[in-house]
Amino acid sequence: MQLEAMDRELMCSGHVGCPGCGATIAMRFMLKALGEKTVMVLPACCWSVIAGPFPQSSLKIPVIHTAFETGGATASGVRAALDMRGDEETTVVTWAGDGGTFDIGFQALSGAVERNENFIYICYDNEAYMNTGIQRSSSTPYGAWTTTTSGSDWKKLRKKNIVEALVAHRIPYAATANIAYPEDLVRKVKKAKEVKGSRFLHIYASCPTGWRIPSEMSIKIARMAVQTNIFPLYEVENGVNYTINVKPREYLVREYFKLQGRFRHLSEEDLDQIQAMVNEDWELLLRKAGEHA
Amino acid sequence: MKKVLEGSQAVAEAVRLAKVQVISAYPITPQTHIVEILSDYVTSGRMNAKYLRVESEHSCMAALIGAQSTGVRTFTATCSQGLALMHELLHWASGARLPIVMGEVNRALAPGWNIWSDQTDSLAQRDTGWMQLYCEDSQEVLDTTILAYRLAERVNLPAMVVLDAFFLSHTYEPVDVPEQEEVDRFLPPYNPVFILDPKHPYSLSPLVTPNAYLEMRHDIALAMEDALAIFDEVEGEFARILGRRYGVVEEVNCDDADIIFVTSGTVTSTARLALEELRSRGEKVGALKIKLFRPFPVEAVRRALSKAWKVIVVDRNFSFGASGIFAQEVRAALCNAPGHPPVFGYIAGLGGRDITMQMLSDIYFEVKRSEAPRRESVWVGLQEVKRAT
Amino acid sequence: METPTALQNILYMPRTSTTTESNKTGSWRFLRPRYEEKTSPCSAACPAGEDIARIEMLITQGAFKEAWETILMENPLPGVCGRVCYHPCEGRCNRREFDAAVAIHTLERFLADAAARNETKPALPRQPATGRQIAIIGSGPAGLSAAWFFNILGYETEIFEAMPAAGGMLRWGIPAYRLPEAVLNAEIARIEAQGVRIRTGEAVSAARFEEMRKSYDALFLGCGYWRDRPLDIPGAAGPGVEDGLSFLREIRGGVKRDVPGLSAVIGGGNTAIDVARSIIRRGGRAIIVYRRRREDMPAFTEEVQSAREEGVELRELLAPVRIDAGGGDCVLTLQPMAIAGQDRDGRGKIVPAAEAPVTITVQRIFTATGAGAAAPWHNPPVPGAPGAICSLSHCVLLQDDRGAPVVYGGDLATGDKNVTQAIASGKQAALALDVFFRHGAGSMRERLASCLVGGGPSLSLEIYLGGPRRERNAHIVTYEEINADYFQYEPRVVQPRLLIEERHSSFDEIELKISAHTAMREAGRCFNCGICNGCDNCYLFCPDVSILRSRDMSDRHIDYEYCKGCGLCVVECPRNAMTLDEEGTP
């Protein structure tokens, strides 16, 4: 896989990300797509730590760390200030985890995109509050173990569909992306860069530590999430035009679940039920894209 | 040029003259007039600024932190619930050394919903590292807002300019509005030390381990000390160009006073009248208006109050489980001064209840005939209430 | 204590000023990845040990000349093999477990044809001249191969060929519709252009052979099996019965021999098939009679299939009993056979069936039931004979006091008798003799063993000469070790062929060429098992930016100061060109 402009590195070695961390892979691709003229807003998440302790930074762009809930709001301020300084070229990007997007940060995000603030909001999703030790979030998928949904109390609620929530705001561009599909991810980030207004990307980022998977499986499992239709790759423009980017081979979801320790407790009936849920969601998405199963 | 302005308008004029570049606010009575006027100035082009209509006060402060960190002058206004909601980020703004200026319209905290004047909201934020300047009238509000930018940008700390809900925000007074060139001479363009700039990339507010955090906090403490140290110099410059100054405190007839009232905000103007009346009856009474609350002007307070035999502090606020907050601060300032006078703390006017000249006079006479305070805090004008059974 | 005011210093606040690069996260590691190329199953299965994974990679990149030279390093006759080899490589291709094997055979031919069309001259490494002279008897595939490798190794080489033109079985035994004359001529010309001298029309007698043993430093006997084995049944020596190989030789010699009517061909090998298909082209009909079953035939399956397509009839389980000639016809009496158990070689054991014999009437009968050495002295010595005898997998080396050492190769010494094994035999002989001269006979087995491909039996010249291939691990990559996520289903190329009607009317080559575009696409299906093809997955997916590339993208190396040993690079390498060791293993 050869990608142009993939040679510049805006992320350094020496960061403290776990071995095999999907969030670092996502960041690396994203930075390659956006380039140097970027200011990043970084609310509390794993990356707050991976970005390096004072006085070190593992990122070669300006970054403002902010409080957990403020990803959308801080970016609004940065954008306004850049515009007032006469700089309309520099991209403002918020890089937040699922906690700072789906839950505590949702208000600020919704507010910012409702105002159609001119920035890119990227959520890298490892499906729980990983930085504080694997507690559940509203992006934790149905069936998962976390430290706050443990034993028989595994999460029996669906993952919040954040893209749909944002699409409802009719933002110019929303898309999902996945670290196992770098070309698609880079294309979408580059595409987002050229659009004005609020742009949202939801990136699937495997977490070996939190998902109980071997570190070398991060990419394979990420790919399986797309192949099983659990995490479809699609784009929505202006809140109405859906484009599905990948029509996968459609592996059974059990192939995905059985590779991860956080799903070990699921029975065959549970897996069947989840398969039905995934099928239903996929069909719904196909309909939105004007296609049929 | 002298104009008759609503207090809210005075704030807005100051913000306009200070050439603020990014404003973000969320409406809350009685701050609304300030932000509506500013919104209008931005839309009409009277101000060259961006106005961010955020969806909560917390987001408001976050947006300003983002904007100020990118190198522009910012402003917001809020009070009460809104200020309380911002609390987390007030700490952030000072920790990030951002000279944000806020108009704070002292309003009571719920529950019960009460939109009237009360100082508890701003004083509850006294630990956040924000400078706090209390104003007595609309002229002072306008002047202090402009001054606050200069002071804040000198020491890299945020500042809140506090005015009473309705008593100042919604009353009209004659105010001398300076010319833009005068203000420009006093307040140069914002020149930040560190900003977000792709040409010189670094990270702001990263993780800080115990081996560096202490020194960063100490730096903030030093900045507060500096603010106190340079206040007179900065105000002196203001006076030279714009003709007015207020001082960190103002002594009113304190030199020969036996008993001195300590007041802040609009209560001070009531106190001035009460003083006149008492003095006319031969009472040796004075008043100390506290303008600068953070940093607390310990020396000036000691100097002024050690002349008296007794000190009365009128607090339009209360710290539950302790006492009125100005009283706490005054007691703390005096406790190491040898032979200092006793401090009589009075709690009055919470939730916008009127503090009258009569009340102040009654307090004076009660203190005059008491050797020592009968209790830590005396609540003034308590009525009989029917309690639930 | 005097403390500085904040105004006296630049703000001390949370702001970064260096990078995390001072944090050497390599210390976290307990597993350590490294680049380690391994052996592809195709290259191990190839009797010539061609570096097939690399060849396909080069074709995909459009580097046709370099790909062709990679073949020539191990096999001097790609134009031949790309037409007549039985491609065991495809039988072991890992891609066949994904969708279908890569058409390696077709691609080899493509490269040879492209080189011929463009008159490309290969740039091959030559060892310094040794000053030694080698005589090679027979210019078939074994002799040509031996000559090529001796030449590369720095020996002066001469081939003595009895027939008027070189090529051996390639010319005289394989019909033109499988191997056109022009192609063969070009291959041989290239060998000559390297400096090999071929002396045609010079048969070598036993006496001359003994003389040559005194004037040359070593000799290679690649005479092949040129004496047909006659049928030992009544009437076999009578009129109407001909030797199949002679018939093929005749046609190749330019004789336009007509064979109208029906001819029977007795035998089951490639020769029998070639004879039958040549009959078709000369206007006749052919019927192959074989005493065993179709699946037991030594002929290549594709050959049998092609014959059937062209209208050759195949009759199995019929053993010839007698031939009665008369009136221009032959009556062939055949005993039906049946299978009873298995022979030692795994083929069905045949016994006469209970049925009565049957007869067929044909215009002539061709025998193609095997061949043997043309002269007894061609055969390699058996154990126990005088002299030091070293039997290798594809040749026999004889050292005695009558003169220079002799190597018996090609059909004379190999187990399976076909073109590719013969080529392997010539190479083995050249390498063995080179070791013999440089290090003595005692080192031969050991040194040859060190240049086996994937554990053998094929040898690699590149490994022998110490090329980069020497670094490869002999582990043969399995399909389970391939990360199939990186490949899409894609149908295997179908090589265009002449229509059946077109095939009947001439000896034109049946299989037609493919375009460069098609070749690159087909080569792109190759997994490149075990070798790095520069896909850069390792570089892309490293979370720690610990895989670095040189400016021209040719070299990749791991920055062990930061590598945490997560193993992503190894898993995402589609072709098992990386290995994960425990940290601390040397």
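The first chain written gets the first letter, and so on, giving A, B and C; residue counts start at 1 in each chain.
Operating definition for what follows: a residue touches a chain if its C-beta (ideal position, glycine included) is under 8 Å from a C-beta of that chain, and two chains touch if they have at least 3 such contacts.
Here the structure is a predicted model, which means the values were calculated and not measured.
A.B. asks: So which chain ends up in the middle if you average the CA atoms?
C.D. replies: If one averages C-alpha positions chain by chain, the most central is A.
A.B. asks: Chain pair with the most contact pairs?
C.D. replies: Counting C-beta pairs in contact per chain pair, the top pair is A-B.
A.B. asks: Can you compute the centre-to-centre distance for subunit A and subunit B, using the mean CA position of each chain? Integer Å is fine.
C.D. replies: 43
A.B. asks: So how far apart, in whole Å, are subunit A and subunit C when each is placed at the average of its C-alpha atoms?
C.D. replies: Roughly 51 Å separates the two chain centres.
A.B. asks: Quick check: how many Å separate the C-alpha centres of subunit B and subunit C?
C.D. replies: 92
A.B. asks: Residues of subunit A touching 2+ other chains?
C.D. replies: Residues 52, 54-57, 60, 65 of subunit A touch two or more partner chains.
A.B. asks: Touching at least two other chains at once: which residues of subunit B meet that condition?
C.D. replies: Where subunit B meets two or more other chains at a single residue, that happens at 202-206, 208.
A.B. asks: Among all residues of subunit C, which ones touch two or more of the remaining chains?
C.D. replies: 14-17
A.B. asks: Could you list, by residue number, the parts of subunit C that touch subunit A in their complex?
C.D. replies: 14-25, 28, 483, 485, 535-537, 540-541, 543-546, 559, 561-562, 564-568, 570-572, 580
A.B. asks: Once bound in the complex, which stretches of subunit B touch subunit C?
C.D. replies: Where subunit B meets subunit C, its residues are 95-97, 154-156, 193-194, 202-206, 208, 215-216, 218-220, 222-223, 225-226, 229-230.
A.B. asks: List the residues on subunit A that touch subunit C in their complex, please.
C.D. replies: Going through subunit A, the ones touching subunit C are 1-3, 6, 9, 11-17, 19-22, 24-25, 28-29, 52, 54-58, 60, 65, 179, 182, 208, 214-220, 223.
A.B. asks: Okay, in this complex, where on subunit C does subunit B touch?
C.D. replies: Of all residues in subunit C, those touching subunit B are 3-7, 10-17.
A.B. asks: Under the stated contact criterion, what part of subunit B meets subunit A in this complex?
C.D. replies: 21-22, 24, 48-50, 52-56, 58-60, 62-72, 74, 88-89, 92, 196-198, 200-209, 212
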